[in-house]
Structures are given as C-alpha cells and as structure tokens.
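Scrolling down, you'll hit the structures one after another.
Each of the two complexes below includes subunit A, the first together with subunit B, the second together with subunit C.
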Partner chain A sequence: MVRYLAKACFALLALSVVGVASSAMAAPRTDLNAGIRLEPPHLDPSAGAAAAIGEIVYANLFEGLTRMAPDGAIVPGLAESWTVSADGKTYTFTLRKGVTFHDGAPFDANVAKFTLDRARAADSVNPQKGLFEPIDAVEVVDPATLKVTLKRPTGAFLFNLAWPAAVMVSPQSAADNKTKPVGTGPFKFERWAKGSQIDLVRNPTYWGKTPALNKISFKIIGDPAAAYAAMMAGDLDAYPIFPANENIPQFQKDPRFTVKIGNTEGKTIVALNNARKPFDDIRVRRALAYGIDRKAVIEGATMGLAKPIGSHYAPQDAGYVDLTGKYPYDPEKAKALLKEAGVSNLKAKLVLPPPDYARRGGEIVAAQLKKIGVDVELVPVEWAQWLSDVFRGKNYDMTIISHVEPMDLDIYARDDYYFNYNNPDYKALYTELAATSDPDKRKALIAKAQEKLADDSVNVFMFLLPKTGVWNAKLDGLWENAPLPVNDFTAVRWRD
Partner chain B sequence: MSLLWLARRGLGLCLALLAASVIIFVLMDLLPGDPAEIMLGTSARPDTLAALRAEMGLDRSAWVRYAEWAGGLLRGDFGKSQTYAVPVAELVGERLVVTLPLALISLCLTLIIALPLGAWAAARRNSTTDTAIVAITQLGVAIPNFWFAMMLVLLFAISWRWLPSGGFPGWDAGPRAALALILPAIALALPQAAILTRVMRSSLLETLSEDYVRTARAKGLTRGEALRRHAFRNALIPVLTILGLQFSFLIAGTVVIENVFSLPGLGRLIFQAINQRDLVVVRSVVMVLIAFIITVNFVVDIAYALVDPRLRGRG
Partner chain C sequence: MTAHSFSVSRLFHHRSFALGSAMTACVILVALMAMIGTPQDPTAMDIAQKMQGPSEAHWLGTDRYGRDVLSMAMAGATVSLAVSFAAVAFGIAFGVPLGLFAAMRGGALDEAAMRISDFIFAFPALITAIMLREIFGPGALNAMLAIGIFNVPVFARVTYGAALSMQTRDFVVAARLSGKGETRIAVDHILPNILPLLIVQATIQLSLGILAEAALSYIGLGVQPPAPSWGRMLNDAQTLMAVAPRLALVPGLCIVFTVLGLNLLGDGLRDLLDPRLKRRRG
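Up next is the complex of A and B:
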C-alpha cells in the first residue's frame, strides 16, 4: 500500500515538473539566482570596504567614470572619452549625455564633481580615500566636460576611478545609498530581505545596452556545505566565487555545471614583521623563503588550485616578472642561512585569520618551518582581532594573509604599514613609478619593484588565490577572473 | 500561589536582567576589534577612521555609552545598528518572525513526539518496543543537530528535491515559506525529542513505582488507568524542568541550524553581528534572548506551582 502511495506521489510530482519544464522551454530564462558568501553591511561602496558591497552593486547598479573589463583593462564608463595633458596632471573627461539615475535625476559634470569632492572631503568615510588623494581640483567646464587637475602625475589614476569606491552618486540620493542605493547602472535596487537575499531588477531607462537578465537575486549563503547543497539542488544558478575548493571536483564531474578556475588579485603571503628581531635580518627572511615549500602549501590550502607567486604582484597584471624560482624549497640552505645569522631555537607566533587558506596554510607552514628548526606557535584569530592586533597594532611575528587590492605595490612604500619594511630605496622606486604614465616605462619600473621586494624577501610570497566559479552550464557571460572583487552580470544570459 | 511568592520571583527576575546587562556590556567592550576599522578595511586612513568613530559615537566613555544603552532599553529603544544603519528593533523584528515560529514548531514537534513515545515506552517496560525506543533515543541524543541537518538536506533537497535546501522566501511567499521551515524544524526537534523521550520514560517509571500508584492499582485500576490518572501528572515535573532548559537550547540551536539552512533568523543575526563587531546589535539581541530565557524559566516556575501545589510554599 505504502509503495503504491509513494508511486502515486512520484507520478504527481513528475507531472508537475514536466509542466514547469515545458512552460520554461518557450523562452530562455531571464532571472538569475547568484550565491554570495557574506552579507554586505550596506550597499554604498563609497562608504564601506566590505568586498560584498562591490560584489553586488558594481557595474550592475552603480557605474564609475571608467570601468574594469573582464580582462582587467580600463574601458570607458560614464566618461565616453578623455584626454591627458602632456605633463600628466590634467585629465579632461567627456561625459556621456542623456544618462539619468534610477530616481530620474540627471547625471552630468556637476554630479561627477560632487562625487569626487565628497570622496576626498575632510569628513569623508570613503574606504579608499587614498585613491582620490592625488586630486588637486575638480572643475566643471560644461555639463558634459569635467576637468580634473592632479597634484602630481599619477599613472594609475584612470584605474583608480574604476574601483567600486569611485562610482558616481547623485547629490539627491547619496545620503540614502546605504539602504536604498540609486545609481546609473542597467539594474536598479528592488528589495533587501536582510540576512537572506538582495534583488535587483532591470532598469528600463538605461542609457546603454539593455541586459539580457530581467532580475538578479543575490542569495547570502555563507556556509560551504549549504552553498554546495543549494547549487546541487538547483536553488542557485551561479556561485561566482565558490567558498569551498574541496567541492570543486564534484562540480567538475557534473555536466549540469560549468566550473572556471580563474585568477583573483589575492596575493597570499606569510607577512613578516620586518621591525622585530630576528625578522629584521634579511638572512632570516630569506631562510624562511627557502624553508617554505609553496607547492605543498598550495596543495593543502587550496586543493592545488592556486598559482605560485614570487613577489607581491599577480601574474596576469601588466609588468609581471616570474620570480617564483628565486627561493626554491631548500631546507638545508634555510638552515645554513639561519646559522649564518646566528639564530638558533627560533620561536615565533604565526597569526591566522579565519579564511581556509590561512588556517590550513598555517598548519603546513608550521610543519615545514619545524624542519628548519623554527618552532611556530599557531594563533587563530577573528578578523576583528586581526585588524586591531596585527594590522593596526603591528603586534605580531608572522601572519598569513591575502592582499586582494589589485596592483598594490604602494603598500610597501608606506611609512606606517604593518610589514614595517621602511626601505628608502623602495620608496624612491615607488615614487618614480607613481609619477610615470608611459606604459612601457611603467612596466619596467613595476618589474624593478617586484625584484626589489623579492630580493629583500620582505614577506614570504606564496600564491595567488584562485577564483573558483561554479554556474549552470546554460549560462554565458560570467567573469572567469576577478580583477576586482565584483560580479559584473551585465553581459550574463541564458542560452536557449 | 501567594502574591509575596510572585513578588519575590519578580524581583529576582529584574536583578538577573540588570546583572546580565552589565555583563554583556563589559564583555562586548573588552572584545578586541574596532567596529569602525572593520567597516573601512585595510585601506582606511587614520583621519577616515576617526571620522567614522565619531559618527558611531565610539569616542565617548564607557559609562556614557552604558547609561545610554541601558536607558534606551528601559524605554524600549534598542539603538541603531552600526553596520546596517537601521534601528535594532527593526532588525530583531524581521528576524523574530523566522526564529520564533521555527522554535515554536520545533517545540511542538518535540512534545508531540516525546510525550507519547516516552509514555508508551514506560508502559511497556523491558519489551522489544521499549528497548528499541531507548536505543533510538540514545542515538538521537548523540547525533549533533548540524550533521543531522546536512543529512536531511542531502536526502530531501538534493536527492529527492522535495524541499528547498535552505533560504527563506519571506512570509509573503505563503506556503513556500512554511516549506522552507520544515527541514530546519525537524533538524532542531528530533535531537531534543530524543532527550525528552528519555526523561519522560524514566520519570514515568519512577512515579509508577511510587506507593500511591500501588494503592491506586490495589483499588482496582489497571496499569494504564493508573498511569493516565495518577502517574502522568506527577511525572511531568522533571519533564517541565528539562523543557524549560530545552527552550534555551532551541534558541541556541537556531544559531547553528540557521547557518546550515541560511535562514535569516535571530541566531544568524548575532553570528554576523559578532563578526562585524556591530556591538549595538550584539548587546541588544543577546539582552533580548536573555530576557526571553529568564522569562521562560519564570513561567516554568509558575507552571511547577500549578502542577504541584506543594511547591507553592517554597522558593
């Protein structure tokens, strides 16, 4: 009897599924359920650093003067073209005409000036205020022309304007963007069910190409097991930055899914406190670089999906030089260097923030360093504690961390940064780089900077975090790489 | 139930709440980590940090902040979330409509399963059924609810696709919302039901061996009648105690279960708020939960008195 009942239930279920399937076959779907790991605190990228903000609103809802293409190139956004003066200090932007915000407010040079002035104001809470620091003055020439004068030539200025923190906001709505974001993008904000999902819908008055999708639902599913279940059950169509590498092989075997292992900008390093003994000794830092087997760490911490790096620069970025062979795994050489430096029985604390790469990587690094006579104590901490103790307090020996900001060679030139590197030669090199606009000269200087960092073995450079994207095999147009931590869904479409 | 008894209980309740508020405030303040720093991340400049701290009111002394918070609580004002920039009351309200139904459904499921099963096992002591129930509940006590939850998802969401794997569409989605709570409620209820079944069984067995039950039997009642009319009510005292404790466990369990099922409930709110150092939210929500649990225990105390008149004089 029970069996018959079960059969009847199955038949009913099958009928309803067929019904749904046939109605869906008429036209390709226009909705998308995408998984994200963390819920953003709010939706204003000009007031918060959380990557989750950019992952939702960048390019979809908010647009900047320039924007980043999937390959990391800088392309026109709300500025359709620009000219740079011969001295590299004056940028004149020609803005797109007929652009309006989702609330109907027009976008013009006055709005652009408002946005840039707001970001660099004294009371600004922009998380990337440094991007706007080179700006000396912003002038409205006419409604479609904006002139920005810089204090000094800044080679990365157009790149800076493409960041989520530099998107254009309207004076009318800027104050409410945290909960009711109003941008110029192809999608507008519809609903935020706190703790659950954020919905964007197509903007019918978009100035550019109409996107194929009608609606995007970002579902917040942080637990790796729950994310796996949601993909497998079909509750999610895409998880562009999947949180658990160990599930990737299962998705790869399943024809329902497309799996793309791409690059992020996450340079994962064992950061060393260069001001603290004995890490102030270059021989000790080099010994650590020789004593860590990157391959084993990559295997254990990222399931073998990551690419090794030899300096603080991502392989896909302009001017990269391959320095991964500079310190091959060589425990004997490491021991000899430690001996030469007069260091024996070295005890050190390795601070580990929550991500898997750090916690798992830390175990392996500790085991490897033990072999060269360094006794490592692992100290797991939360993000909040990492930020206050390590990053601000600089109270640490070693820590494993991924620096996700693209092309951030500048951090080694900062006076008060937690590596405590403070090297005048590097600072001079970086100042020269920052003031250079010519692409070829920049590449040469970027190469020099990488070599200097590797040579000084400032930190132990380990690997580039992979971007593990999983989505329905019928979806096109998702980004394989993550030159910025964003999910630009403007080109995503379902195949028939 | 004398008024004096109630007044004493009420005073104890207030003192417990006051103590709880001080402990929560001090603990949260001692916790390392700066909320402004977490919001602004690693690229923030010192002047930006200072601007945000001032905006959040973090630059004032601990006394001022405690007085403001506790005073606000008394007026029913929970403050404003530092990260979400909305009133905490609104956040809690949004989350309670998920967590409270979830906890209540699980509690009902627990009772529906545990009381009859425990009584049934006790009535058939040492039979095969009894042994089987004891063995199964032993297993139920040992299984962690998050593992059980994952097994449920694997079976009902991935293999059979009968129920959603997680998430919550909101109550305006009607039946789909109720469907979304089925698996989480079962995952929460079954381990609790296993505990309660065992308590019910042993408590009943104990009362069944009491003199008054023997007397009742001697008067000619059958074992079943004696159990229903005399033993059952007496056996409920320890069950009530455990149930009061279990409600606290249920609320704590929602933190785990809500994460496994990605439900936007109170438990996940606390979890996120702790990670983001949204002190205002953590303090207020924990305070609400403590108030809730203390009140539940207060109600359980009153329920004892109702079930057992002898306990009214004590306390």
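Up next is the complex of A and C:
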C-alpha cells in the first residue's frame, strides 16, 4: 500500500513538473507577487500619511497631474503639458483627453479642480497640506485646461503635484477611496485580504500604454525571516525594499535574483529635543555629533549598505553639499565640549520606534555615547506610541527616525515641529528659498540651509537609508532608487 | 524520610540525578564566574570585528556588533538564573503560605484562597508580562515578577494538595490532640514532611523559569538592551541564521543544556524523595 502511494505521489509530482514547465514555455508570466513590510491603514493617499499607502496605489492605481520618473525627474501625468507664466505664479495645464476613472466617471478640469480644492480646504485631512498651501486659486478654463494661480512663485510646485498625496480623485468616489480606491491608473483595485494581501488587476480601459502585468498582489510580510523564506521559496517575485540587510549577500550570490542597492530619501537622524535641557545648548548637540561614529553605526545597523549624510538632505538631490566631514568621530573633543557646557553625568532617554535601523542603531549609539560619559537609556516603543509621545507630544530627549519625504528642508522652519528648533535665521532662509524659482539660486540657498542645520547641529545626521531591492532575475522595470516611497510597477514585465 | 536516604553515594547512583546535578552545577558555576568577570565586556561593541568566527581572542566568535559571544553567553547565564531563582523564590514566598493556610483552615476561606489561585493560574506568564510592561515598562524585573506571579498558584496547589493528605496522618492527629495550634502544626509537622515535594516542584519551576525568561526577552518584554540575555541573543541571531547559525546555536544550546539539566535533576529528586516510588522500586 505504502509503495503504491509513493508511486502515485511520484507520478503526480512528475505530472505537475511537466505542467509547470510547459506553461512556463508558452508565454511569460503576467502576474507579480510583491512583498511589502507594513499593511496600510487604508488606501487613500490623500487622507493618510502612512508611506505604505503610496507604496501600493501610487502610479499603479492613482495618478496625479505630474508624476515622478524613476530618476526623480518630474514628467507629465494626467496633464500632458503645461506652461508657467513669466512671474512664476500662474501654471496652465493641458489635460489628457479621454481619461476615465475605474468606475467610468470622466476625468477633466472640473475633477482636477475638485481634487486640488479638496486637498487645500480648511477641513482637508490631506497629510501633506503644505504641498497645496501656495495655491491661491484654481480655475477651469475649459474641460481640458486648468489654470492654477499661486500666492507666490513656488519652485517645487510641479514636484509637489507628483506626490502620492496629490493624486487625482473623482468627486463620485473620493469619499470611499479608503476601502474601495477608484483612480485613473493602469491597475484597479480588486481585493484586500486584511492582514495578508492586496490585489490590483489590469484596467482594460486605461488611457495610456497597457502594462505588461495583469495582476499585482502586494503581500504583507514584515518579518525579515519570513520575507527571506518567501523570496527563497518563490512565493514572492519581488521585495522592493527588503527588510533585512543581513540577507542581501545571500541574494547577491544567488543567480535567481537581481539585487539593487539604491537610494531612498530616508534621512536617518538622531533627533534631539532642542527645547529640552541640555540639548538647547549648541555645545552639547555638537558633542553628540562628535561622539557618534557614523561609520560604525552604518556598518552595524545597515550591514554597511547606507551612505553617510552630514545634514538633512539626500546626496542625490539637487543642491546637495557634502557635510559629512563636519563632525568627524572624536570622543575626546566630544568630552571637552560637554565639559565646556558644564554638563556632567548626562542621562538621557533614546526613544526607538520598531524598524531595525532604529532598534539596532540605538544599541550602537548608546554604546558609543557611553564612551563620552553620556548614559543613554533605550526606550523601545511601537509606532502609535512614537507618534503620540514624540511626534505630537514632543515629550522626548532623543529619538532615532528616518525622514522619508524628499527635500523636506521645510520641517526645520515649522513653528511647531517636534525638534523644537525654532530658529529665526533658518526660517528667514527657508522663506527666501520657498519664494525662489531660479534653479541656480535655489541650489545656492539649499546649500546654505544644509550648512546652517549642520552648523547648529540641530540633530545628529547619520545616514541615508538604502533601498535594498531584491527581485526575480527575470523581471525588468522595477525602480532601483526610491525618490518617493512608492512602487511604480507600470513598466514591470517578465522576460521569457 | 530517614537520614540515610540522603546518603551521598546512594544519590549519585541515580543516573538522571547525577547527570542533572552535574549539568546544573556547571551552569551555576559559569553564572557565578560571570558575576566576577567575563573574558570581555559583554556589552562592548567593536563593529570592525563583527561577525567573526571562533578565534583565540573570541572563543565563540563575535556577533553583529562585534561583541564577544562567549562573554555574552556567560553573562546571559547569570541573568537567566537570577531571574528564574527570584521568580521561584517569589512563588514559594506567596504560594506555600497560601496553600498551607487553605489546607489548615478549610471551609469558605479555603475555597476563596484556592479560587484566587485558580484565577491567577488562568493568566499565562506572557499575558501577565504584557500587562506588567504597560504598567512598569519592560525590564528584567518585569520578567521576574511576571514569572514569579505565575509560580504562586503552582506552589499553592502543590502545598495544598500535600498538606491536605497529611491532615489524617497519625502524627498530625496526635499533635492536634496534644493541643498544638494550627500554625505550629503546619510549621513543625506538615512543612518538613512536604518539603521533598516542594523541592522537586522548585526544580521544575526553575527550568520553566529559564524558558519563560528566554521567551520574554526574545519578544522584547524581558531583559532590555544592552544587558545580555539568551533570549535577546536568539532574537538578534534570527535574521542571521543563514549566514552565521553559530550565533543562534550558542544561546539555543545554553538554554537546552540548562533546562535539560534542571529537568533531569528534578526527575532524579522526585524518584529519590518520593517515598511511594521508593517502595515501588523495592
């Protein structure tokens, strides 16, 4: 009996192998299983700040007037072209014709006006209201022409419109986008199995180029060990940002996978509460900058894959200046500065949110600061607690966090931000930058802003999070870098 | 229970007792040594030396931060045993009096005491630990308390059951007839007679405590970084399993060795101390 069973099993196995082989030969696959780390709270990017929302719906399901190309350039989206007035205050967009939402509703200038007005309204829940703040008025010239007037020239306006928070939504479906997102993109929403996966399928009435894939499943696998096993077993075809850097060398050795170490915009910092003693003293903040060995943190927390930064700005962005040499690792100097500031036996709490870069980085930072006489207590917290205590409550000494928004120099100019920086000189500098649209002048001001932040040592700037992309070697068209926290799969295809 | 049953040579003829006590003695010795000093500071990082294999400087190699694995494992033994011993002491300190009290008094108070103990017993140590974490924040003390609370009803039940069976024994009846108070009877006559049982239970709870501490630290509710612990070492090593299985094997084997030692010791003690089993063995 056992022998018969074994034979039967073997025959079945052989049959299934033949089956797989023949179907693989017939045509390239058109489905994609992609791993993501966090489950989004909902699927409306115009109503929630969680990066996980944009990672699923941006470009695939929702589109904006402009969109971001893989290299970070701004290219036409639902607006096929635009003109900017000489004073830099009026943008006239020519919209694409024949575009419809997944539910059949047409897209035109009225819809665009609705979207922008909704996002900038007083009661808007848009997570990035600052992007729309420069808008003075939105006017429908004709169904295919939209005129946007700004309060002042805003150099980054087209860039702002490319964010996940600025995607176009239909007046008919906007209210239900959280659970049943309806966009204009090449894929439409099919199914959300809570806690496990979100499926998108090809939109047959897409206005643009038909994508090669006809189904994308985003599988939520946050545990690094499980993610590794799923990739190895072929349950996942791609993991755009793989959660455990320590497994990268194994993927690199395996010819079945393509591994791309790219850039994100994740500026990882030890944020300091600038309003709390003794961090209000610039000497103390500089001492901490001297007392943290970035190279060791990068080696230990990211397995050496990250790039160091010296200010709150990513090396690949326009106007970057290299300030990584400003505070070289020098424990003696750090001790001297602390002494000069009259600080001894400094005890501080370091709040650590869940990601590895924070938990592991925190252990290393604590060990390093111990050497300059700073006694650090590690306080691991969950995201909800981090958001309420640190980000909103501003009740913390130090925390490790990665700021993933691109070119977000504005956060240091905000009155009520959790760093409590409140520096009038920087605010003046940023106001000037925001009102400048000449690219060269902008670069010079961006450089000045970076220098100011580094000089004041507002936070300890550590490294840029790497984008550790791992995917099946037969896949083409995935992004190597992450200029926005998104997964644009519109150009992904399987090679035969 | 007569004196000669404790004769050392007889004890060590019992194989599991001999092996168990030798293994446990080893662990205790290492833990004591680690209290005096480890080969290197178990918390000192040297990132340049990370992930190295065994060498003369690092007998068991280094972990992801370049810490000495041997020193960490040794310091982990101290933490594990300290937490486990304290938790058992906590369980005995509250559980034994509770069980004795219920057995001696009987009636409604007996019911009440045992139902309270059932109530506590209904919460697994993990749930208790999560609750305590919300109140006091995570830490070794939290783990100690959570496992300790879990131990209370265990000892209460064992004490209660054993003490109840003593109530009808001749020497207890005689003591009661001679006018001794309940408390005196409990302390003078019942406790010494149920002591073997408590010792066996304590050994078993010790090994469960080691496991519980490792589990709590593994999920981040127990010992906090940078303090070393076997559970935390396992957690750290998890994503490195494919690269350096050694990092998971060291704390894993430490836990297995300690728990196995304590279980063998407990088994041996039960055989040697339980008069009924002795009779059956002839």
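Before moving on, here are some points about what is shown:
As a convention for this text, the second predicted complex is superposed on the first by the 482 of 496 C-alpha atoms of A that agree within 3 Å, B and C clash if a C-alpha of one lies under 4 Å from a C-alpha of the other, contacts with A are read in each partner's own complex, and residues count from 1 in each chain.
Heads up, the rule we're going with is that a contact is a pair of C-beta atoms (placed from the backbone, for glycine too) under 8 Å apart; a residue touches a chain by one contact, two chains touch by 3 or more.
Since this is a predicted model, take the numbers as computed values, not measurements.
Placing subunit B and subunit C on a common subunit A by superposition gives a fit, with no clash between them. In the superposition on chain A, A:G300 makes contact with subunit C only, not with subunit B.
Contact with neither subunit B nor subunit C is seen for A:P171 once the two complexes are overlaid on the shared chain. Of the two partner chains placed around the shared chain by superposition, subunit B is the only one that A:A49 touches, whereas subunit C remains out of contact.
Considering which of subunit B and subunit C touches more of subunit A, the answer is B. With both structures placed on the common chain, the touch criterion links A:Q128 to subunit B but leaves subunit C unconnected. Once the two complexes are laid over each other on the shared chain, residue contacts for A:A225 go to subunit B and to subunit C alike.
In the superposed model, A:P249 makes contact with subunit C only, not with subunit B. Contacts of A:G342 after superposition on the shared chain: neither subunit B nor subunit C is touched. Minimum Cα separation between subunit B and subunit C in the superposed model: 7 Å.
Counting contacts as defined above, subunit A residues 225 meet subunit B in one complex and subunit C in the other.
Within the complex formed with subunit B, the subunit A residues making contact are 13, 39, 41-42, 48-50, 122-130, 178-179, 193-197, 219-223, 225-226, 229-230, 232-235, 382-385, 387-389, 391-392, 405. In the complex of the two chains, the subunit B residues touching subunit A come out as 31-34, 37-45, 47-48, 51-52, 55, 83-86, 91, 94-95, 150, 153-154, 157-158, 161-162, 164-168, 170, 259-265, 268-269, 272, 275-278.
Those residues of subunit C that touch subunit A in the complex are listed here as 43-45, 47-48, 50, 64-66, 137-138, 220, 224-226, 238-243. Contact residues on subunit A toward subunit C in their complex (touch as defined above): 224-225, 228, 244, 246-247, 249-250, 293, 295-296, 299-300, 360, 362-364, 366-368, 378-380.
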